[in-house]
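What follows is chain A paired twice: with chain B in the first complex and chain C in the second.
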Partner chain A sequence: MSLLQSTQFRPDPSANATRRALIRAWPEFQNPAAWLVALILVIMPLIANGFFLIEIFATTLILGVIALSLMFLAGYGGMVSLMQLTIAGFAGYMVAVFGMSGNANISLGWPWWLATPMALALATLFGTLGGALAVRTEGIYTIMITLAIGAAFYYFTNQNWAIFNGHTGINTVATPHFWGVDWRSDIAFYYVTLGVAAICYFAVQYVSRAPFGLALQGVRDNPRRMAALGFNPNAHRIAAYAFAAFIAALGGVLQVWNYRQISPGSVSVGACIDVLIIAVVGGITRPIGPFIGALIFVLLRTFALDVLIKFGLDGNRFRLLIGLGFLAIVFWSSDGVIGLWERWRRRSTTATQRSGGGRHG
Partner chain B sequence: MLKSSLGLIALSSLLLSGTAFAQEKIKVGVTATLEGTYTVLGEDGMRGHQTALNVLGKKIGDKELEFIVASTDATPDSAVRAVRKLIEQDKVQILLSPLSGDEGIAVKNFAKTHPELTFVNAASGAQETTYVDPAPNFFRYNMDGAQWQVGLGKYAYETKGYRKIATVGEDYSFIYTQVFGLVLEFCGAGGQVTNRQWVPLGTKDFASVIAALPDDVDAIYLGLGGADAVNFLNQYQQAGGKAHLMGGSIMIDQTILSSKGSAKNALIGTIAASGQADTWEDPGWQKFVKAYQDSFPESKRFPSPSLLATNYYGSTMALILALRQVNGDLSNNQAKLKDALAKIEIDAPNGKIKLDANRQAIGTNFVTEVVDDGKGALFSKVVKVIPNVNQTLGYDPAVFAKIGLPSRTVPECKKY
Partner chain C sequence: MARFIERHPAWALIVIIAVAVLLWLVFAIWPPGLEAAIGRKRVFLNAVLNGITLGGLYFLVASGFTLIFGLMRNVNLAHGSLYLFGGYIGYAISTWTGSWILSFIVAFIAAALVGVILQLAVFRRMEGQDLRQTMVTIGLSIVFADLMLWVFGGDFYQVQTPSWLIGPVQLPLLTAIKSSGEPVYLQYPLVRLVIFAASVVIGIAMWLALNRTRIGMIVRAGVDDRDILAATGVRIQLVFVLVFALGAGLAGIAGVVGGTFQSLSPGEDTRFLLASLVVVIVGGMGSIPGAALGAVIIGLAEQLGSVYIPTYAIVVTFLIMVVVLALRPQGLLARR
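Our next item is the complex of A and B:
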């Protein structure tokens, strides 16, 4: 099953020892394409206007961060958690509840520098508790229990008016404004998002190679043997949930700053599954996968309606186009876009050796 | 020679006008619920919008209107996302949005972050949208949910003799507003509302709701819409329900009355109130119904326009007429247009509409009863027409403010 695919990297055998160590630590520094992507992302405000900058790229980064937390759990821990968006939504709600918003009867009006850490801490706690429940199960049962948590939270927000303001949600959430900069203005917000996404990306990359991450992958592959070696598999898993919850919470805070409002629709079961789709479409074997998946998802969601109308078709059927797009990607590569790309690269380098098909027959 | 040069002139003038034409477009963004529970409502809303364009045309002086549609699913997040897409990607200058109650509250708040643009509410009817902290650039030409219930409480109490009722409604702002209007009037007349049940928007299984309906009431009020209403009626019929029914404005509406299957027959004889009545004999209304019917083939529309079609028609009409008054002048942050919108009085199909100081419609309301036309089609028949219904429902504003904002438990069942 692709979800449990090992996450390997193949150092170039010809490299010398120090280079190998560096490559092992940060392989993407050796890749000119990675530098190019980084450069493009940094100078994006020069290329893209407000719409593409925020609605496409910042949204991609935010969804990518949330999906990254799922990728971390699923790729390195073998635990598919559908509650990552719920954790993000919880963080967003907490920002709205502790911070300032248009609903003065609910919001406590704390300044952002107090409300945000509070929201992050509470959401991490929430995710850890949910994780502590979920680690008692495996495989499909983990999916079910985390989906149950997500669904329960959605219906709770929908019907609770004292804290979550029911179906209406919380509007006009205040965004940070300091050092004379409005951090929600397009360019500033884009850089905030990019910075957070980069930190999360490298953090996941780092943790995956740190002893904790390696032990987690060991727990994924053979928990019994890891237990025999003296590791505590459940403690590792819960710690992984806590780490992933913190990343998801960061995404959630950015999300609520982006839309300046939050309501149950943002934490619906459909949205939870969207995060899974993003991660699977992008590929859950590498941290870059969720970001690629998020870009595809955001582009499809934004432009499917326009594309259909352009071809003279009924615009109301745009969900179908989105579904077909995802189906096509998953059909041709159970490893998502990352898998497609890797297969293509392998084929082009070993074309003369007439290598066999991809890993997934 | 003469001929060819004439042709050349004609050609060049055509090209010139072509370029002039391209510059002189006014872009309007439209949102409708084309997904989710309220899909049918959104689709008919768009038919109303199209009918208005067919009747009034898209020309504003020498400029032309261009409409860009975005889809939502009745959740506030989807509405904000759609509106942002329209403004930032499609660069629309005017918004005709949104359809549903909570969407309206979110879009109104969003409108404050774009004070330079103009927002014309398409059909949403939550009270809070224009009553609490209204946005100066948000205009609503339909009445809110409470205004649409005016007359129903009295009619139920005095003519039908109902004394005790229970309500079932979707758990969000528009239905709160509807129940608010009903309870104020019904309890004010002396009736009792014994039980208020709230179900989440998009509920599919009503078994527990139906089981919990009280038996000792004279009627049950249904504040449901779209797919929820049809699901409820099907399950209510299967459960053998026989109580008298009363309906909210999107419950007794062509979106439900034209639904497939026989469950809707449970609605025959149901009393309701709304911003329109299908069989009203007013020539303006009849003309609108005719225009709606002529605009679409019979299989692709309802027998008669729904409340959403009427609302979209009215808001589109107000926008076009106001734009014509100012000759499409959008300079100076659209100040002239906003001024014209605030002052304009329109002859909407469902009666005259003008705006109050909060830019909220004052209009005509209808108490109706569902009848079978003999061929299996259901329509709402006028029982009573109530002109000049304002947002405070005729209450003194100070008294009205004391009642509180519509919610699950507000207003209390008493005389204010």
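Our next item is the complex of A and C:
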């Protein structure tokens, strides 16, 4: 606000206008908290050691990217797709199949710079086809069809030995080495995930304000009116699926590099639902929501065992805790943690305004 | 039927030819060339019968799912949990009392009670919010799965088949003619046939109840337009509770059935949730005959697939769903 006021005294009105447009397009840039978070994320390797860096923050960023793709579909397109993790897993499998791994009979042994784009392209195609199937029906059916796709893929990877190596999966997947850097070493890998997550975040942010994103939100709110205006609702939806599939595929590639193995357990139905939980708990109206949800999820998953045991409870009840937390969020806030925080902030600001008004009166 | 043939003569012809081929495969004695190409007739017949009886089980699970969806627009993704819960209860009762029949009754009542509680305590508060209800059922399925894992552990359980149902029975279906000219008939487990017959009886009873009784009329009216129905003075909440109880109870019964001819373990809930999803997508949401047709198609596809193309069996099931969605997105027997 102060920035805007100070620019009013500037002599050059065109620079003023572009600047204002920039601020409108990227509200993060005028938010000091966003700069602080970005700074902390960039200097994270100085603060955190290897375990926290990879197991907590890199994992959070990867899960956040996958959940971000769901947030994009659900928040801007109104389509709750449970197959985003399946797309990510498919990309991971493709990296393992086309690239190098310990299972030489399956992997084709392509170099990473060939295998990764191939995996991304195939996974995007997979997601687009799945989306084209899902948009055949509307609303609540989307969940069912995408869940069916995800579950079918899970059972397929379990049964198929020729490509997916059955329930053992593919192990010791090779990770990229170039310019003399091992990109899977802790710090380098953290920056890779951070970079990808940032690109995805800003891409979603940008698309949501681009004409395509606005049309997509129109399709979400009133498909018939958009059709009457000359837009093709299904084409927009399928394009949204394609975009989200690409983001999910990026997350999947990072995930397989992170764990260096992939197996049907990585694409199980429970894991698909975890992605929904992450997005919903974080909040599906803003791109930042999935990352917050992922952080909560990863922290719970890592430390719930110790905390539960400390309170004298059974440490294995982690999923119960997750499920109850998810239920609570769905019951009390339709907008996840972000919604809760905003509601709390609004209440506190109205409270201060009221008390301030009382003082003046 | 006649209208369908009039409207879609080409499809009717394809269906008739497919049925005729299937009947010929079941009843004729296979020529040696065919046996050389696709294997023994006994294997094929077993797969077909397994598929149809599995379809009976799928119908029990999916009919409750489709009924609840049809009336309340509630995609109950905790339906698989109700199935597994019913199965565990049935197992506990049958080992405790030794009575197989009693385990069905108790499983029905227990699952129906859970359904009533869910409808009264949860879904009634968020009526009309489809997405939120579905999210809640996802959360509930996680919680239920973990609670059941807590209580019953990760072991496999099998409900004991009663002694009067153990053993094979000879069916009047020829599998081959011996060189001595003596016919060989198919042997098939009696329990599966009994369970299939029971699911057919349940299906017909449901159809009769829906089409010939007053409460069925109310339910059908609710499927068509529940707001108008409520406006005519029907106590719609009561109908909702009853339908939810019935759907959940059917899932509970199906759990005991599944526990008898397969086994119960964590993960089965997801499997049967997927099965009922695919069945109702193929058959048509909210339609009981659709659930029956879809269940038989999916059961057959799964069993024949696992016999003839073992590593791609799930793909067949999935392809059926894709084809149905591409040609008839509302499902085979849905009206819309």
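One rule holds in what follows: the second predicted complex is superposed on the first by the 325 of 361 C-alpha atoms of A that agree within 3 Å, B and C clash if a C-alpha of one lies under 4 Å from a C-alpha of the other, contacts with A are read in each partner's own complex, and residues count from 1 in each chain.
Note that contacts are C-beta pairs under 8 Å (C-beta built on N, C-alpha and C of every residue); 3 or more make two chains touch, one makes a residue touch a chain.
Remember, it's a predicted structure, so these values are computed and weren't measured experimentally.
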Checklist entry - Looking at the combined model built on chain A, do chain B and chain C fit side by side or clash? => result clash
Next on the checklist: Just to be sure I read the superposition right, which of the two partners does A:324 touch: chain B = first, chain C = second, or both, or neither?
Outcome noted: second
Checklist entry - Of the two partner chains, chain B (first) and chain C (second), which one does A:346 touch, if any: first, second, both, or neither? => result neither
Checklist entry - Once the shared chain is lined up, is A:133 touching chain B (first), chain C (second), both, or neither of them? => result second
Checklist entry - After superposition on the shared chain, which partner residues are touched by A:50: those of chain B (first), chain C (second), both, or neither? => result first
Checklist entry - In the superposed arrangement, does A:151 touch chain B (first), chain C (second), both or neither? => result second
Item to check | Superposition-derived comparison: chain B or chain C, residues of chain A touched | outcome: C
Next on the checklist: Looking at A:310 after the superposition, I want to know if it touches chain B, chain C, both of them or none. Which is it: first, second, both, neither?
Outcome noted: neither
Item to check | Which of chain B and chain C A:302 touches, first, second, both or neither | outcome: first
Checklist entry - Looking at the overlay, what does A:102 touch: chain B (first), chain C (second), both, or neither? => result first
Checklist entry - Looking at chain B, which part out of 6-14, 132-140 or 222-230 clashes with chain C after superposition? => result 222-230
Checklist entry - Taking the contacts chain A makes with chain B in one complex and with chain C in the other, which residues are shared? => result 155, 159, 161, 316, 319
Checklist entry - What part of chain C is in contact with chain A in the complex they form? => result 73, 75, 77, 130-132, 134-136, 138-140, 142-143, 145-147, 150, 270, 273-274, 277-278, 280-281, 285, 310-315, 317-318, 321-322, 325-326, 329-330
Checklist outcome for this item: Contacts from chain A onto chain B in the complex sit at residues 50-51, 54-55, 102, 155, 158-159, 161, 166-169, 171-172, 259-266, 268, 302, 305, 315-316, 318-319
Item to check | Sites on chain B touched by chain A in the complex | outcome: 34-35, 39, 43, 69-71, 73, 75-78, 80-81, 84-85, 88-89, 102, 105-106, 109-110, 112-113, 133, 171-173, 198, 200-201, 407-408
Checklist entry - Across the complex, what residues on chain A touch chain C? => result 80, 133, 136-137, 139-141, 143-145, 147-149, 151-152, 155-156, 159-162, 269-270, 273, 276-277, 280, 314, 316-317, 319-320, 322-324, 326-327, 330-331, 334
